[in-house]
Structures are given as structure tokens and as C-alpha cells.
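In what comes next, chain A is part of two complexes: it sits with chain B in the first one and with chain C in the second one.
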Partner chain A sequence: MPTPKLKNVSRFLFVAIVTVPVVSGMVYAALYSLGIIGILNTEISSKAWQTVFFGKPFWSAIGFSLYISVVSMAISLAVALLISIKWQKNLRDGLLGTAIYFPLCFPGTVMAFFSFQMLSKSGFVSRLGFNMGWIEDLRVFPSWIHDAYGIGIIFTSVLLITPFFIILFSNLFKTENIASFQHLAKTFGASNRQILWKVTLPILLKRASVTIYLFTIFIMGSYEVPLLLGRQDPQMISVAIIQKIQRFNLNDIPQGYAMSILYVLLILSVVILLFFRNKNFFKTSAV
Partner chain B sequence: MMENILEIKNLDKTFGKETVLKNINLSLKKNAVVSLLGASGSGKTTLLKIIAGLEHQNNGEIFLNGKEISNIKPQRRNIVYLYQEALLFPHLNAFENVAFGLRLRKTPEKDVKQKVMQMLEYLGMPNHATKMANQLSGGQRQRISFGRAMIIEPSLLLLDEPFGALDSTTRQKMQELFKELAKTMQLSALFVTHDLKEAIVMGDSIGKIMKGHLKQHSDLREFYEDEESGVKKEVEFWKQFIN
Partner chain C sequence: MMARKILQSIFIASIGLPLAFLLLLSFGRRWPYPEIFPKELSLAAWGFLDNSNMISTFFLSLGISFSVALFVTLSAFFISKHIAYSKKRNTFMVLAYIPYLLSPVVMAVIFQYYFILVQLTGTTLGVIIAQFLIAFPFGVIIYLNFWNENLKSIEELSKTLGGNAFQTFVKVLYPLSKNAILLCFFQVFLISWFEYGLTNLIGSGKIKTLTVQVFNFVNEANIFYASFACCLLVIPPMLLMYLNKRFIFFAEKSE
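Let's turn to the complex of A and B:
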């Protein structure tokens, strides 16, 4: 058990490293968005906030980010569950157990370039299709990069997060004693389908729920991948904010800060809602 | 003569080159409890898993109610195997844990509610119906685990050291509860333990597995008389403090 002195040092470090920078950034952004500070700001104004709150770009960016995040998570979870349940033995004892860590070494930017090389109109899949005679011209190949549905972004996000969830589910399979639960359910008369839907999936997903929510938020806020593979409209929220803050029009900067605060407040509201629905939700020891 | 619910004939089990069970013969009368004693690694758990259908024997036959079940899937045997841990499903509350088997059988909702509440009353836990597994004590979890098994009225209950993880007071209470349940609900059960006293308390008769061989005694007197059972040595040990 930590001594009171060590506890105080830990608290100080937490405040100094985490709380102070984050709160300082939020305060700076709030002051800038309200016209209190900033090179072109002359008076206190809620104009930036009104433009963001009642305008379309912020909400369409939030909607697009949520769509990309939910679809990427759904595909990743489905693939990760399938692999971790079906190939449990290979993950535990075989080469796959080591190889699965390999994709985690790739940074998002590298994976985005890989996706670009694979899925663009002049990419590998397109050329393969052309040489196989499936398409008559490379230009006929569907737009999977810089497209309206964010297919390239989703593909890359899935590549980035699926290995992580395979490792997570594979470890949970062992630590949560899933094999014993499956055997128990068998002796109660459960079919393989019932074991999957009533035992294996609920236990794994419940245990991983906090991580799933956090990754959903993480993908919503991803920057490099949508910057490289997304298009100007619709944009994901991080790209939209950075463009407002770093664009040549300095008058847009307050809007960028207002968007970032509003985005943080939305995410915080969801986290607080989850917390009040179940106060044990973010405790790792709770079932 | 009372009929046998379980008969095992000439059963062998090997893992690789290691023989775990050799020429096992066992019979269990209907509505009776047989305690199976044995040291760790003696093959007790393997035998239970084979009876439940979770492992397969190399040789031998298993009969349940006179029918051979050796090649029948565990789902169709109507034999429930309970582990040392209560293994309550962590995503379900106490009520839903008890209702698990009934829901698999698509029992009408009205009957589920009535049967589960009746079982919880019987276990002395009606006020814990909405609690999750991590909100229950070890003994309470084990009660719910029993309720979950008994509500589907299995032909045979296999208990693999069910009280092994409990403290001595809770263990004694659970032994009493199980004895009462076994009598009231007319259970047929194989009760595995490595505790000599528990084996005597829980079983109508006792079997002992040593180095893969099973010796079954028809009653407790015969078990006492057997030099290999260890009961006489135990009695002698306690006698030295009396004399």
C-alpha cells in the first residue's frame, strides 16, 4: 500500500503532467473562441460559437466521425472475435500468437500509405483487376480513397485496431476461463450456437466494453489517416478543427477552438453518462 | 433392489503415453450420492469429465439409466458437471444464472419466473435475485450454482470439489445444504473431494481412486474396514489425544 507521502507525490505528478496541460489548453481555447485573446480578436464575442453551433460543418464532421468509428469498430470486433474464438489454439501455442503483434508496429501514417497503394485507382487491387480482365480501364475502378463513404479510412482503421482486439480477446479467453464456461453450458444442454451467443460473446464483450468505448472515441478523433485518405467534405472532426485553426484565414481560428471545446464537451458528456449508468464501469476489477 | 442410474464398465483413459484411468468400474444407485476420494492428479476430474462427455475414454462403456451414453454429446446426456468454482456467468444476475438452463430449453417466461423464484426461496436467497456474481460471497455463489444445476432436474449431478475454495465454516454450511437438497430433490450425484471427512459426510457410499484404479465400497462400514482407505489411521491419530 502506498505511503501518504508517495500518494501526495503521485497526485502532484498527475496534476502537473495531465491536469494542468489539458486544463490550460481548454482555457486558452475558450478565451480564444470568445475573442478575449487572439491576434485579430478585438472584443468579447460569441459569434464563433454561434457559427459552429448552428452551422452544418461541425455537426456533419461529428456525424461522419461517428459513422467511421462505429463501422470500423463493428468490422474490427467481428473479425477479431471470429479469429480469437476460432483460432484460439493457434493464438495460444502457434506462430500466430507471435505474428499477431507484428501489425501493431506500423504507425497510422505508414498504414494509410499502404492502404493508398492498395486501394487507389492506380493501386495494386485496381491493377490486378485490370490485368485479370475484370475492369477495362483503371479509371473504372471504384473510388475507395478520398471517397464520400470513407472506405479507405475505415479499411486502414480496421487494419490498425483489429490485431489489438485479437490480442485482447485471446487474453480474455484465458483469464476469464471461457473454456470452463463453455463446458458448463454444454452440460446444461446448450448447442454450439447458444454457447456462442449466450456465453462466449456476452462475456468477452462485457469484459472488453470499456476498451471498446475508448477505442470508438479514439477512432472518432483520429487525424493522420483521415487527413491522408479522406476528402474535403465530409471531413472527420480532427481534420476539420485543424484546418480551421491552421488555415490562412486567421478569422476562422476562434471557430476552430470553439469546435474543439464542443467536441471535448460532447465526449465528456458521453463518458459521464456511462459512469452514472454504472459507477463500476471504468473500474478494471469490476465484472 | 434399487436400480443403478450410472454404470461404468472397464473404462480406460490415457493422455499420450500416460495412463490416467485403468479398468474403472463404478455403479451409482438412483437418488444416492457416491463420494469419490483421491489425491490431486489421481484422475478424479478426468473421470467426471468423461462421464459428462467433456472428455472421451479410450476404452469402456458408460450407461445412464440403462442406456449407453459413451458416444452421446454432452448436451444430450442430461448430466450437469459443477466445477470447484461456482462459475456464475458474469454477464447475468443471480436470477438469470439460475434461469440459464430453463431459457436454453425455451421454457415459457411465466414458468421461468415461478420456478426460479421458488428455487431462490429454497436456497434462502430471494433477496439476492438482482445481484451480479461479484456482489455475492463465495458461499452464495455456490448456492446459486447449485440452484442453476438443480432447476433443470438433471439425471445426474457431478460435483468436482465444489466446496474446495470455501472457508471451513461456509464449507460446513454448504455440506449441510447439499445433504438436505440431495434428500429433498432426490438427487443422484458423484461427489469428488480429496477431504476424507467430507467424503464420509457427503456420500452414501465411497470410492477411492489411487494411481488410476478405482475401488468402490458398498457402504461406509466397508470403507472403514479397508486398510487402504486411511480412515483407521485417522481414527488412531485422534485417539492418541484422548488416551
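Let's turn to the complex of A and C:
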């Protein structure tokens, strides 16, 4: 057994490394947003907070981020479930089983750049369309990049996370022994449809639920992809915060910090909510 | 059966498409609309490899990611053990998820001030420390799956039989934990290798890692060099995948 001292030092170090950056950062952001510190701040004021809390930009950025992450997640889950259930045998071995790991080698930056070169008005698809005679001019090509609906961002997020979920579901198929449950259901006279909706899908989704929640939050906070493919309005939350703080207009900085505090509090409350709803939520074990 | 084969072939081909496309662009020179493929091919971008700039960028990224992965793998290994065997394990877990769930770039923006105070912004060390702060909780999360009752009993057995702490680690724990250690190392390496927002902010644009360079090239509208930098970015993860595909995949699972 380790000495009690080592145990306590380790736990202290853990809590320190994990909480000090967040807490000290929040303190700085709070002081700055209230005008207590900062270059142009002369007096304590809640102006920045009022602007952020009652203004449109913060909430529209949160809404847009949530929309992007929920839509991307829904599409990815649908595709991943379809492929991992239909091609279960092929995913276990052979070329497909290896090829599916390949997209995990792509960082968001690279995938976003790829999407840009594919989908922009002068991109590959547009060129293909022109040569096939589908469009007469690149100006009539639809806006998929820097567009109001975030189509490019969703497309890229789907490319990034779908392979991950295909692998996850395919692993769960094995570890959760889904094949034998399916067999059992069939023996009891369940139809294929019933097996899918009452057996396969519930097991897969339940077992993957933590990952699904976590990834939804990750996508909400994604930065590189919307930075390359998004536009000024609507913006995703990370991009909006960084822009307020790094912009040339120094008067915007307190608002940027107020936004970052609100965002951190929002994520914190979601995490705490998930934890109190199910205390074992974050108890992980390997797939 | 035939249709499934064809569909799968198309699917596999589409998986390879991004790399093929970026490789092609990296050899491109002129790509006027509406040409489908670059009109002129050249080795200009790859000739850039001769140019010491790109080589140093590549090795700087490699060095940063390697250091972060090494520090996290070592520190998280010893610390995670005491977290895993704690009665408050679940509470610790929630704490571990917080930095990991906040976007790294948002974390960077709120703690950036302290890096400026101690003059760590714009330095390689600063970037390594900042990335460590983001990746450490994740490292602990990876290891928590590994410490279990079974392992605890084996470790206690070794001590009962007279093994000291060092012997227990070298002869018992290390051989059993090799896979977990490698998984943690490579996962953290990838987090660091893929990182852009935090690196750019804490590095004040001066620490030019590969991801930072991709953005620089994109801003200069030099798509051929950007494609080239993208190709360099995906090579190390592919080597990892070749070594063992399990190293590039990690997922949580609910009870």
C-alpha cells in the first residue's frame, strides 16, 4: 500500500493541475469583465455584462453552436449506426476494418481545409459541376462555405466524428455480445424490425451515451473548423469569444471575458447536471 | 451481395479521397477555374522540405508533442493510481472532465494573462506547459480504466512476497500496464499534434507548429503549401496507425 503521504500529495497535485488554471483564469476574466483591471478600464462597471447578457451576439453564438453540434451528431449517429449494423462482419476484419481508422489521422484543421477546397464556390465540386454542364458560372454555385446555415462546418464535423462512432459501435457489438441478444430475440419470434428497434439500437445508444454527450459538448466548443469555414454572423462560441478578445477594438475585451465566463459556467452546469442525474455517469471503463 | 461489395469499395475509396486530394494539391502549382485538376504539377512545395523552415517546423511540432506526451504519460500514471483507488473517484472524475470539455482555446484565453506575467507567452516552454494543462486530465481519464481491483491485488501480492516498490513497478506493474502507457502516450501526442487555437494564442503566433503554419498558408492564400503542410500533419498519425490502430482510438463507456 502506498504511504498515506504519497497518496495525499498525488490527489492534491491532481486537483491543483485540474482546477487552478480554470479557477485562476475565471478570476482574471471576472476582474477584467467588471472593469477592475485592464488597459482601458477606469472604473468598476457592469456594462460589459449587461451588453453580453441582454445582447444578441452571445446567445446567438450559443444557439448556433448547439445547432451545429446537434445536427452534426444526429447525422453522424445515423450514418455510423447504419454502417456498423449493416456491415458488422466486414468491419471486424479485412480492408474495411482497417480503413475505417484512417480518418482518425485527420485533425480538424486538415479536414476543414479539405472541405474548403471541395465545397467552396471555386472548389472541386463546383469545377466538376461546371465541366459536367450543371452550372454555367461559379457564381451560381450554392454557398456551402461561410454560409448562414453552417453547411461546411456540419459537413466537416460529420467527416471527423462519423468514423469514430462506426468504430465505437462496431466494438460495442463485440463487447456487449449483441449478436447473441439478436439471436435470442429471433428465437423468441421477434421480427427483424423489432430486433433493430428493441434490441440493437437501445443497447448501442445506451452504451455509447456518455461519449455522445461528451462529443456534443466538444463540437459546440470547436474552434479550428468554424474559424476556417464559418462566417461573421452567426458565429460559433469559441470563435466569437476569441474574436472579441483579440480584436483591435479594446473596448470589446471586457465583453469577451464576460462571454468566456458565461460559457464556462454553462458547460460546468451541464457537467454537474449529468453527474447528479447519474452519479456513475463519469465512471468509465475501457471498450 | 454484389451491391454491398460495390458500396463498400466506394466507401473505402472515399475514405482515401481527402489524402489523395491533398497530395495532388501539394504537387500543384496553377489551378485556374474551371480546371478539375491543377494545370501544372511541380515539386515546389515538397522542395520546401529542403528549406530549413519547414523542416524546423516539423521537428518543432514533433518536439512539443513528444514532450507533452512524455510528461503527461509519466505524471498521470502515478497520480491516476491514487485517484482510481480513492473513495471519491467519481468526484475526481467530474473534475478531470472539466478542462477536457472546455474548448482548449477558451481555456487559453482565460489563463493567458498568467503566462504573460511569467513571460511564457511566445515561448516553446509556454506552449508545452499550456498543452500539458489541457492534456493531463485526459491522461488521467485514460489510465482510470486501467487501475482495477485485480491489478491492486497483484500489486499487493508482490509486496507481500517481499518485493519493494521499485521491483513491484519494474517486474509487475510495468509489464501489465505497457498497453495503457502506450495508449496514453499516443493519445496525448495526437491531442498536442492536432492542437491549433491554444498553441497559437499562448505561442503568440511565434511558435510555428504545423497547424499554425497551415493557417498561415491559408491566410496567404497559398493553397499548395497549405496542402503540403496538411500532408505533413497526417503522416505521423498514419505511422501510429500502422504500428497499431488501437493507439489512435479511445472512447468512454457508460456502465
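Basically, the second predicted complex is superposed on the first by the 276 of 287 C-alpha atoms of A that agree within 3 Å, B and C clash if a C-alpha of one lies under 4 Å from a C-alpha of the other, contacts with A are read in each partner's own complex, and residues count from 1 in each chain.
Heads up, the rule we're going with is that contacts are C-beta pairs under 8 Å (C-beta built on N, C-alpha and C of every residue); 3 or more make two chains touch, one makes a residue touch a chain.
Model, not experiment: these values are computed from the prediction.
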Should chain B and chain C be called a clash or a fit once both complexes are overlaid on chain A? fit
Mind working out whether A:188 is in touch with chain B, chain C, both or neither, as first, second, both or neither? first
Output check: A:206 vs chain B and chain C. Expected answer is one of first, second, both, neither. What do you get? both
Thinking of the overlay built on chain A, is A:70 touched by chain B (first), by chain C (second), by both, or by neither? neither
Touched partner set for A:128, first chain B, second chain C, both or neither: second
Report for A:179: first if it touches chain B alone, second if chain C alone, otherwise both or neither. neither
First, second, both or neither for A:40, with chain B first and chain C second: neither
More residues of chain A are touched by which partner: chain B or chain C? C
Rounded in steps of 10, the angle in degrees at the Cα centre of chain A between chain B and chain C is 90
Least CA distance chain B-chain C after superposition, rounded to whole Å? 8
Do chain B and chain C land on any of the same chain A residues, and which? 206-207, 286-287
For chain B, which residues count as touching chain A in their complex? 52-54, 73-83, 85, 87, 89-91, 100-101, 103-105, 132-134, 148-149, 152
In the complex, go through chain A and note every residue touching chain C. 1-2, 6-7, 10-11, 13-15, 17-19, 21-22, 24-26, 28-29, 83, 86-87, 90, 95-96, 98-111, 113-114, 116-118, 122, 124, 126-128, 130-131, 138, 159, 163-164, 167-168, 171-172, 206-211, 214, 217-218, 221-224, 227-228, 237-238, 241-242, 245, 256-257, 260-261, 263-264, 267-268, 271-272, 275, 279-287
Interface with chain B, chain A side, in the complex: residues 176-177, 180-181, 183-191, 194, 198-199, 202-203, 206-207, 286-287
Residue positions on chain C within touch of chain A in the complex are 4, 8, 11-12, 15-16, 18-19, 21-22, 25, 33-36, 75, 78-83, 86, 89-90, 92-99, 101-107, 109-111, 113-114, 133, 136-137, 140-141, 144-146, 156, 159, 193-194, 196-197, 201, 211, 214-215, 218, 223, 226-227, 230, 233-234, 237-238, 240-241, 245, 248-249, 251-255
